[in-house]
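Okay, so subunit A shows up in both of these, paired with subunit B first and subunit C after.
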Partner chain A sequence: MAMADRVLVVGGGPAGLEAARGIADLGTPVLLVEAKDTLGGTPWESYATLTPHLAPTRELMAEVKGAVESHPLIDVRTATRVVASEGGAGNFQVTLEHGGARVVEAAGAVVVATGFQHFDPGRETQMYGYYEYDDVITLVDAERMMQAGQFVRPSNGAPPRSVAFIQCVGSRDRRIGNQYCSKVCCGIASKQSIEVKHLVPDAKVFIFYIDMRMYGFWEDQLYWKAQEEHKVNYIRGIVTEVIKKGDQLLIKGEDTTMGRPVEVPMDLVVLSVGMEPSAGTLEMARIFQIPREPHGFLATVGEPLDTVTTPVPGVFVAGAAAGPKDLEDTVSMGGAAAMRAVSLLRRLAAQPA
Partner chain B sequence: MAEKAQAVEGETVMVDGVALAPQWSRMFEPRAITEYDLSVLDDITAIGGAESLGWCYQCGKCTAVCPVDTVGDYSPRKVFRRTQLGASLLDSPDLWLCTTCSNCLRVCPKEVNMIQIMPAVREKAVAEGQAPQELLSAFENTARYGNPLGEPARKRADWVKQAGVPVPIMSQHPDPVEVLWFVECYPAYHPRGQEASVALARILSTLGVDFGILGREEKCSGDSQRMAGEAGLFEMLAEHNVKVLSQYDFREILVTDPHAYNALLHEYPKFGGEWPTRHYTQFLAPRIGEMAFTRELPWRVTFHDPCYLGRHNGEYEAPRQLLQAIPGLQLVEMGRCRENAYCCGGGGGGMWMDSFTAQFTSMRLSEKRVLEAIEYGAEVLAVTCPYEVSRFEDAVKSTGNTGRLQVMDIAELLAKSLALVD
Partner chain C sequence: MQQPMKQAYADVPVEEKTRLYREVVQDARFDTYLYGCYECGICVAACPSARFYDFSPRKIAQALAREDVDLVYEQMNDDVWNCSQCFSCLRCPRGNNPGGLITIMREVAVNNGLRTTKEALAGYTRIIYKIMTTGTQVSPDMLQEDAFPDWGPQVKEVADHLAVWRRALPPETMHTTALSWEVEERTMRELYAIWKWTGTLDMIAQLDEGLHDIMEEIMDDALEDSGIA
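After this line comes the complex of A and B, so read on.
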C-alpha cells in the first residue's frame, strides 16, 4: 500500500491554520480543506476583536492566514467538504466535494479542526426570548454589530442606556445536556462590556453570573479591568427569565449576594452563549468514525498529557472540536497536532515495507 | 393581559407602627430590586481616595474578619453592594461603623482600601454636616481645646504632679533631651490613662532615660479625627505639633498612643515633621536587661494588639517581649491575636461614637473582646493603646465580669513588677 506523505487538515480556523502551517514548516505537504469560502474560521467570520487585548480580529489573523495561503507546501481548498473517507493511518482515501464535483485525495494522516458552533438560545430552557424580542441578542450578534463599529438596540437603532449580559446560556446545564463550562464566555462578555463602554460611554453595563470563570490572565486583563476601569457591574445570580415591559426588557432573577429578587428593566440583553460541537465536527466524527467523549466533542486518548490524539489511528484533533477552548489553547493544539501527524508519517515511512 | 403588579422595593417596612427589617418585610411587601441606581456608586467612587470601593468582587473575605460584622450587619462587601444598589453611603450608618482597624484590607484580594475610603467619604459627609452629633462634639472639643475630651489645655501636664519623679516640660527646660515623649490626650487627661503615664514616667526615670514632654504645648495628634473625616482639623493639629516639636532639640520621639505613632510615622512627614519615632513598647523592649524586676505577677495575662500598632504598623513582638519578661506572668494568646487581632472599637472615631454605634450593634466591640479574653482564661487583659483601658474596663463592668478580669496597660504591669507602683 502506497504511503501518502501528506496530511489532510479539515477546517481553516485558528487550529487548522496553525496545524497546516506547522506541518508545512516541518516539510510535509498539507491539503487544507475549508467548507466556507474563506479561511479564518469562526473568529474571522464573527468576531470584531479577540481576547484578551481587544485587537481587531482581521488584522491579527491576516498574518497567519496569508502565511498559509502562500505556503508552497499547502494546498488550500475552500468551499470544499470532506464527504467520505476510506483506508487508515498512512493511507486515507478521502472524498472531497466542491461545487457538486467530487474528487478522491490521498493523505497519510488527518487533523480534524472543525471547531464549535455557538449554542442556539432557542434551545435554552429558561425564557430569554431570543427569537421573540429584538433586543435580546447573543455575544455573536454583539460582535457583528461591533464589526460595524456600533452598538445599538436592534429594535430602534438607538444606543442602549442599560445592557445586561447573562452568563452560562447553554452551558453548565444538565437539562440542556451541556454539563460543561464553555470556558470563554465570561472573558468574552467582559471584553464586550469594555467595548460597549467604549462605544456607548453612558450605558450602564451589568454582567449577571453564577461564578465568574476567568482563566489565568483574563482575571486582571478582562474582569478586573472591566470592573475597575470601565465600571462594569458584576451581579452574582443568573437571570431566569426576560419579560417584555413597555419598550424595555424586564430581567428577572436573584441578586444572590443581597438575597433579593431582581426585576430590573434593561434596554438590551446579551446572552453569553456557550460552545457545542459544530455540524462539521459531528460530520467528521461520523466520516472518520471518531468516538465522541461524554460531552459530545471528539474524544482524545491519553488525557491530560496528550490533547490531540484520537482513538482512530492517524486521526488527530485540534481546537474546539475537542471541547471548549480559548484561542491560546486552540492554536497550541494546532501545533501539537501538526507535530503528532508529521511524526506519525515519519514513523510509518521508517518501517520496513 | 392584566397589568403586572408593581414591584415595591421595601427596605425597612412599617407594619402597625413596627419597623420590620428587610428579612421580615418580605412577608408584607415584595422587596425585589427594581433598579440599580449606579449614580450613587459613581458619586462615591469619584471621591478622591474612595475609588477602590468599586473594585469589590464579593468574595466576602472581609466579612469574616470585620469586627463590626460580628456584632452587627456591616462589612466592606456589604457596603459595596448597598452602594451599588443605590443606597447612599453618605446617608447610611454604615459610614460611621468602620473603626479603620484594617483587618479587611489585610485579607482583601482586590485591595479595596477602607483605610482610604472611609476618611475620604466621611470628609464629604462632615462637610455636609451629616456626621453623628457626638463625633462633631469631639471634633469641636479638639479644635477648641486641643483634645477630644474637652479638657482645658492648661491641665494637660497635671498628671505630672502624681508622677513622683521629675518629668521635665520642654518649655521650662533649656537643655536638649534624648527622648521627647509625645504623651497624647487620653494618657494626659483620662484618670486611667494618667495612671499608665505615671507608671511609664517612673520606668523611664528608673532606666535613667533623659526625657521631656511638651505639656500644654502639645495638642492631639489628630490621627483618629483624620480617619473620622476631619482632614482640615488634622492638618491644623499636625501643623501645630510639627511647629512645636521643631523648636526643641531631641534625638527621638517616644509615643504612648499607637494612633499618634501612626500620625508621626506616616502623616507628619507630609507637614515637614520627620523624626525617629518609637512606641514606648518598642523603646522599652531592647532595655529589658536593665530592668530590675522585684515582684512576681503570677497572673494569666492576655494581650490585645492595638490595630494601629499591629496591623497598621507591623509591631507585634515588642509588647509580648515586655510581658514575657515579667516574672511569674503567663502570657496566653486569644484566638484573634496579632495580624488577626480583634478591635476595641475605638479607632477611626469609634471612641467618640459609642451611643451612635450602639443603635446598630448588638454589643460593643470592647465587650466582645472582653468576653473573648475571659473565654481564653485570662485574669488580666494587657493593653498598650490609651483608648483601650477605659473601653475595656467599661466592658468588663457592662458584661458583668467585675472582679474576673483586670485591664492594665503594659506600662502599669511593668511598673508593678519593678515595684514602682502599688
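After this line comes the complex of A and C, so read on.
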C-alpha cells in the first residue's frame, strides 16, 4: 500500500493547533480532527485569561486558530471523532465519525493532542462539599465567571468578602491515586487571586497550600505579585474539611508555619483542581494502542530528551495528553511533534519501495 | 485570623489592638520592610536571640502579613524586646527586614506607653539618661565588681585602677572614666537638637515622665545657651 503523505492531528487545543500549523507550514497536508464544534480546546472554552500575563484568552488564541482554519494544507473536521484505526506508520487507515456517518481516511503519521480533564472534586473522599455547597467552586468555575467579567458568590450573587483557594485538589494524593503534581495550579490560583482583587478589591484572599510550586518566572510574575502587590495571604496547610456555618463556609485546617489550628468562615472557596487524562486521551490510547505511563497519561520513549515519541511507531503525542503541562510546554510540544511527524514521513518516502 | 486557642491580652479591646496595628503598618518604612514572607525561617536561623529565647522574627513578619491584630499586640508586648536589633535577619531572600518591623513595633509600643514596655525598659533608664545627656552609652566606671560578679576578680582590679587602664588606650579621646569617650560640646548640642526635633525625647515622656523632664531641662538650657533653640 502506498505511503500516505498526510498527518492526522487529533485534538484542536493549543498543542494540536501548533502541531497542525507546524506540519502544514513545512508543506505536509494535515487532517485536524476535533470532537467539539470549535477549535481552541480547554482554554478557548473555559479560561477567561491565560497565565502568566493575564491576557484575554480568545484575543490571544484567535490568531493561531484563524491561521489553522484558513491554511490551505489543513483539512479541519470539527464535531468529529476518531473511532478506529488500522495499519501503522506510513499508512494508518483511520475511521472518523461525524454526525452518525463514518468515513475512512489515510494518514502516514498521527499526533495525539487530546489533552486533559480537570479533576472532579466531588468524586473522591475529599470533604470539600463541591456538590453540596453553591459557594464551593473550582478554578474552572472561577474562570467561567471571570469570562463574564465578574466574581461573585453563586449562592446570592454578591461579591465575596473572603475567598480561600485550596491547592492540590486531586493531585499529590496516594489515596486518590494521583501521585503527581499538576504543575500549573499554584500559578493559576495566584493568577486568579490577582484577578479576584481586581474585581473585588476589598476581598480578603487566602491560598492554602502544601508547597507553592511557582517555577521559573512565575515566581515574581505571579507569586510575589499576588503576595506583595495584592496582599494575598499564603498559608501553608491544607484544609481538611469545609462545612456550612450560617450563610458562610467554615474551613478547617492547620496554619503549619504558625503552629496553630485554623477555623475560619469564608464567603467563597475555590478548589484548585488538578489534571487527569481526558476521556479523549484514554480513547486514543485504546484506539492506537498507546501504552500509558504509570500516572495514566500517554507514554513517551526517550525521556527526557524526546518528549513526543510514543512507543507506537508513527504516533506522537503533544500537550497534556502526556502529563500535566503549562501552555508554554504544550505549544512547544506541538512544534516538536510536528517536526518529528514530518521527518518520519520524509524518511519513509526516501526508502526504496 | 481567629484562633480557638486561649488568647493573651483578651481583656484589651480589639479596637485598641487594631489602632496600634494600624500605627505599625501605616509607618512610612513598613512597605519596604515587609514585602511578602516565604515562611522559610532563614531569619530565625540567623537570629542570635532565637537561640536563647522563645522568639521568632519569622512570626513577627507572618503576624503582620496575616493582619493578625491579636498576635501583633501580643508580640508588641511580649516579644519585641527580645530582639537585639543586630539585623542578621536582613539576609531574607525576599528583601524583608524583620528587625526593622520590630523597630517600628517598639516605637509604637514606646509612643503608646504600653505597661509591658515600661517594665521592659525600667532597667534602662540609667542608660537612657547617660546616652541622652552625655552622648555615650555604657561608661567605664559602671564596671564595678558588685554589678558584674560573674566577670571574675579582674573587674575589681580594673575598677580600682580605672584611670590608669584607660590612659593605656592609644586614642586620647578615650582617656575617660565617666564617659566612653570625650564628646565635644558642639556634638552634644547637635544631638540634643536632633533628639528634641525628631520627637525622640518625647518618646521618653510616655515611659518615665520624671526622667523626661530632667533631660528636657538639661537640653533646653544647653540649646538656649548655644543660641540654637
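Here, the second predicted complex is superposed on the first by the 352 of 353 C-alpha atoms of A that agree within 3 Å, B and C clash if a C-alpha of one lies under 4 Å from a C-alpha of the other, contacts with A are read in each partner's own complex, and residues count from 1 in each chain.
The working rule: a contact is a pair of C-beta atoms (placed from the backbone, for glycine too) under 8 Å apart; a residue touches a chain by one contact, two chains touch by 3 or more.
On a predicted model such as this, the values are computed, not experimentally measured, just so you know.
Taken together in the superposed arrangement on subunit A, subunit B and subunit C clash.
Look at A:F92: by the touch rule set out above, it reaches neither subunit B nor subunit C.
By the touch criterion defined above, A:Y130 lies against neither subunit B nor subunit C after alignment on the C-alpha atoms of chain A. Once the two complexes are laid over each other on the shared chain, residue contacts for A:R236 go to subunit B and to subunit C alike. Taking subunit B and subunit C in turn and counting the residues of subunit A each one touches, the greater count comes from B.
Looking at the shared chain after the overlay, A:M258 reaches both subunit B and subunit C. The single stretch of subunit B with clashing C-alpha atoms against subunit C, selected from 27-35, 171-179 or 369-377, is 27-35. Subunit A uses residues 224, 227-228, 231, 233-236, 255, 257-258, 260-264 to touch subunit B in one structure and subunit C in the other.
Listing the residues of subunit A that touch subunit B in their complex gives 204, 206, 212, 223-224, 227-228, 231, 233-236, 245, 255, 257-258, 260-264.
For subunit B in complex with subunit A, the residues that touch the partner chain are 4, 7, 22, 30-36, 38, 41-42, 45, 54-55, 57-58, 60, 77, 81, 84-85, 110. Residue ranges on subunit A touching subunit C, taken from their complex, read 224, 227-228, 231, 233-236, 255, 257-258, 260-264. The touching residues of subunit C, when paired with subunit A in their complex, are 1-5, 35-36, 39, 58-59, 62, 65-67, 94.
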